[in-house]
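Heads up, the next two complexes both have subunit A, just with different partners, subunit B and then subunit C.
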Partner chain A sequence: MRVEYINPFVEASYNILKEVLSSEVVRGELYLKSSSTPVLGVAALVGLAGDVEGRVLFDMTKATAIGIASIMNGEKLNAMDELAKATIQELANMITAQAVTKLHDLGFKFDLTPPALFTGENMEVSSSQVEALIVPMKLSCGKIEINVAIRERS
Partner chain B sequence: MKTKSDFPSLNERKPGGQRVDGQAYRVLVVDDSMFVTKQMGQILTSEGFEVVATAGDGIEGLEKYKELFPNVDIVTMDITMPRMDGITALEKIIEFDKNAKVIMVSALGKQDLVKRSLLAGAKNYIVKPLDRKKVLERIVMSIDK
Partner chain C sequence: MSSAAESLVLDRPDQDQKEGGERVNPVDFKMVTFSLGGKDYGIDIMTIKEIAKFSNFTYVPNSFPYVRGVYNLRGDIISILDLRILFHLPVPPNDSDIENGLILRLEENVIGIVVDSIDKVIGISSRDIQPPHPIFGDINIKYISGVVENSGRLYLILNAESICSKEETARRSDAAVPARTQLPAAETYSSAPGYVEAPAGGGGAEPEMDFIRDTLKTFRGFYVTPLNDAWFSKRFGEWKDLRQRKSAELQLKSAGDADDYLESFYSADTGKFWSDNLAAQYLRILGDASGKIINVWNIGCGKGYEAYSLAGVLSRKYPGSMIKLWANDNDLIAISTAPNLLFNDEDIPEYLSPYVVMGKNGSSFQTDFKNKIFFEYHDALHPSSLPDLDFIFVRDVISFLNHENQVTIFSQFHEKLKPTGVLILGDNEQPLDSSAWKLVPNSRSAYKKS
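This part shows the complex of A and B:
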C-alpha cells in the first residue's frame, strides 16, 4: 500500500482531534500489519470505493470512546449510549471528509460509505488482499488507532 | 460621585438570536446525527435563539417546516442524510416558501454540493466541526440578508 494514501488520514485525524478535544495530540509510530488486527473495543469503519478501494478504521477502547464523546459533548457520559455512538460516528465523518478532500485534490476519485460503528469484545479485522497501515494517536483520554487499508482498483 | 449611568453597560449587546423586540428567532435543526443536533441546539440557545424542532432526515425536515410555517425563521440543514438528502429538502422547502432561510451544514469536501445548495436558494453554509463563533456569524448574516 502506498504511504501517500495514509498521510491525509493521519493529518486530518491530528487536525480534527486537536480541534474537537482542545488538547494536544501526539502522533505515534506508524506500523504495518498484513494479517488480522485486534480491534480495541469501539471501531468506526468508513468504506472507500472508486479509483482506490478499501477501508479506514478508527479504533479505540470503550473508555477512550466515552472519554472523547464526553469532551465533545461538554458533559460527562457514563456509557456507550446513543449520544456517545453518534458522537464517535460524527468524529469519523469529519476526519474522513477532511482526508478525502486532500486525496481528491491529489487526483484520486472515490466515494465514501457513512461510518458504521462496531462495539464489542475480542473482535478482529482482517483484510486479506491488502495490508493495513496503522498510526496510533495519543490523546489525553487514551489513544485512537487509525487503521487504513486501501489499494488502487485493478 | 459617578452614578451607574455614567458607565456604558457591558451587557448592552443584544444576543444575536433575538429580534429588536427581544423575541427569539425560531430555528428548525435538520441533521441525522444526534450529536450534531444537540451541539447545534446548545450553540443556538446560548445566543438566545429558540430551537422549535429537530428532524433526522430531509422528509421529516420538510414536513416539520410545513407544519411550523410561518412560525419558523431559520432552518439548519445537513446535506448527507438518509431517506431524503438536504439539497432535495432545501429545494422542496424553497418551493413551498420562496423566502425560507435555509443554512446548509456539511463536512469538508462537499464543495460541489454546497455550491448546488447555494444556487438552489440556501442562504449560507457551515462546515463541520461546528465552531460556535462561525456558526453564529453565518446564521446572523443570513437573518440580515
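This part shows the complex of A and C:
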C-alpha cells in the first residue's frame, strides 16, 4: 500500500474515535497482513473506488460494538439492534469519509460506497491479490481493528 | 525368466493340438501383481522368494536415491530398492514405518523391492503376453518384459533380472564417482524446502563456520544459503585473519560482532545516493527498452535513496519511456519519509542534479520525478498486483529471509519478470537456482532468465 495513503487513515481513525467516544484512544503498532482475515464478530465495510480500488473494514467484537453505539447514542443499548447497527455504519462512514477528504487534499481521488455491516460468528474476509494494513485502536470499551486494503488500478 | 517364456511359446502349438483346438489358453504363467504410482505391475512368481513388510531399513550413505538401504532378513542382509524412485513415479505419503515389498531371488543374489501395495497372484497364459511397445514412457523399456491384460486391467510385467543388473552397474559407478558430484548442488537445494544451513562444499567442514552461520541468523536474521554462500566462505577466511591479528575470539558474541562480520556483505552505496561511478556501472548493464512503459520493482528501498538513484539512472537511459517504479519496504518508519525526502544539495551526485529543486527546509526532488516512484509499505512475501516487470532491483534483501521464503521469492521473480527483464541482486548475492538464471555479461550481479 502506498505510503501516502497510510497517514490519512490513521489520523482520521484516531480523530473521529476520540471525538465521538470523548475518551482516550490508543493506537497500536501498524502491521501488514496478507489476504485472509478472521472477523471478530461485527464488521463494517466501506468500498473505495476511483484512482484505486479497495476497501476499509472496521472489525470489532459484538460487545465493543454495543459499547460504542451506547456511548454515541447517549443511552445504554443491550443488543445489536437496528439503532446499534446504524450507529456502527455511521462511524465507519465518518472515518472513511474524513480519510478520503484528507487524501483528496493530497491530490488522490477516491470515491466511497455506502457502508455495509456484517455480524456473525466465525466469519472470515478474503481479498485475493492484495495485502491489508492493520491499524489497531484500543478504546475504553474494547478494541477496533481497522483493516485497509487498497491497490492501484492497473 | 525370458528364456523360460520363450520355451513356453515354442511348446504351445503342441499343447493346443492336444486340447483339440479349443480357444482356452492354458494358465502357464503366474505373477504377483502390485501397484506403483497407481498403476498395475506384475513380476514372475518364480523369481519371488516372499512377500514382506519392511521396517527399519538401515540407511546406506552415498548410495543412489532409489536404494533405500539394507535390511536384515532373518540373518541375511539384503539390499532394498524403491521401484517408485527408480522409475520416477510419485511416492504416496506413508505415515507408518512399514513398507510393502517383495523379496526377489535372482540368479546371483536376493534383493528386496518396495512397492505401493501388493495386489494378488494371477495366472495367465504366456500366449497373452504382448511385447512392450517401444514408446512406453514412464518406465525404461529395458525393465519391461511384456504387457498382459487380465479381468479388464493391464499389467506391465517387469523383468526382475534387469532391475537387479541396474543395481549392479549403479554400485560400480558409485564406487568410481565421488558422492558429492552425483547431484548438482542447485538441484539439492531447490528440491529441499526444509534445507537447514548445512554446508554443501568440503570447505564447510570447519565447525566454527557452522557456529557463525547460526549466530548471524540469531543476531541479524541473516541466512547463509547458496544465495550468499560464496561470499560467506570467502569472508570467513578474512575474518579468521582479522580476529587473529586483533587476538579476538573467532565467534560472534554480540549483534555488534555480527555487524562487523557482515560489513563487507553490503552492496556499494547502501543507504545513500549512488555515486556517479556506481550509476554509470548500472547504466551499462541496462539493455534496450522493450516498450514505452518501463515497470520496475525495487524491494527494500528503505528511506528511498536507492529508489531515487534508480529512477535517475533509468530516466537517463530511457528518456522517451514512461518509468513506473514500485519501491517497497516493510519498515514503515524508514519508508514513511521516502516520498518527501529532504537532503543537502552537496550530497547530490551529478546524474540526479537535473531533478532537484531547492526548498526552504532543504533540497528535494521535482514532483514529476517523484511521480515516477510509488513508495509502498509492503511485505514482498505477500501477494502483490504488480504488472509484468522490466527490472527487479533487490539488493541485500533476500539474504535476510529464511531459505523457504528465499525459494518462494525467487519463483515469484521468475514469474513476474518479462522474458527480456533483468534481476539485479546485491553485489555478494547470486540466484539460488543457478540453472534458472544467467549472468548478464560484464555485470557483477545482474541476471536474466535462462
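Rule of thumb we're sticking to: the second predicted complex is superposed on the first by the 154 of 154 C-alpha atoms of A that agree within 3 Å, B and C clash if a C-alpha of one lies under 4 Å from a C-alpha of the other, contacts with A are read in each partner's own complex, and residues count from 1 in each chain.
The working rule: contacts are C-beta pairs under 8 Å (C-beta built on N, C-alpha and C of every residue); 3 or more make two chains touch, one makes a residue touch a chain.
Nothing here was measured: the structure is a model prediction, and the numbers come from that model.
**Q** Overlay done on subunit A, so just call it for subunit B and subunit C: clash or fit.
**A** Aligned on subunit A, subunit B and subunit C fit with no clash.
**Q** Between subunit B (first) and subunit C (second), which, if any, makes contact with A:E131: first, second, both or neither?
**A** second
**Q** By the touch definition at the top of the document, which applies to A:V3: first (subunit B), second (subunit C), both, or neither?
**A** Only subunit C is touched by A:V3; subunit B is not.
**Q** One more residue to check, A:E152. First (subunit B), second (subunit C), both or neither?
**A** A:E152 contacts subunit C only, not subunit B.
**Q** After superposition on the shared chain, which partner residues are touched by A:M60: those of subunit B (first), subunit C (second), both, or neither?
**A** Touch status of A:M60: no partner.
**Q** Who does A:I16 touch here: subunit B (first), subunit C (second), both, or neither?
**A** After superposition on chain A, A:I16 lies in contact with subunit B alone.
**Q** Is A:E90 touching the first partner subunit B, the second partner subunit C, both, or neither of them?
**A** A:E90 sits against subunit B, while subunit C stays out of touch.
**Q** Who does A:L48 touch here: subunit B (first), subunit C (second), both, or neither?
**A** neither
**Q** In the superposed arrangement, does A:P114 touch subunit B (first), subunit C (second), both or neither?
**A** First partner only.
**Q** Once the two structures are overlaid on A, work out the angle subunit B-subunit A-subunit C from the Cα centres, in steps of 10 degrees.
**A** 160
**Q** Counting only touches as set out at the top, which of subunit B and subunit C does A:Q98 meet: first, second, both, neither?
**A** The first partner, subunit B, only.
**Q** Rounded to the nearest angstrom, what is the minimum C-alpha distance from subunit B to subunit C in the superposition?
**A** Distance of closest C-alpha approach: 24 Å.
**Q** Taking the stated contact definition, name every residue in subunit A that is touched by subunit B in one complex and by subunit C in the other, in rising order.
**A** Subunit A residues touching both partners: none found.
**Q** In their complex, what parts of subunit A are in touch with subunit C?
**A** Subunit A reaches subunit C through residues 1-4, 6-7, 30, 32, 34-35, 128-131, 133, 151-152, 154.
**Q** Which of the residues in subunit A come into contact with subunit B in the complex?
**A** 16, 19-20, 69, 72-74, 82-83, 86-87, 89-90, 93-94, 97-98, 100-101, 104, 114
**Q** Please name which positions on subunit C make contact with subunit A in the complex.
**A** Per the stated touch rule, the residues are 330, 332, 335-336, 338-339, 374-379, 381-385, 387.
**Q** Write out the stretch or stretches of subunit B touching subunit A in their complex.
**A** 33-36, 38-39, 42, 80, 107-110, 128-129
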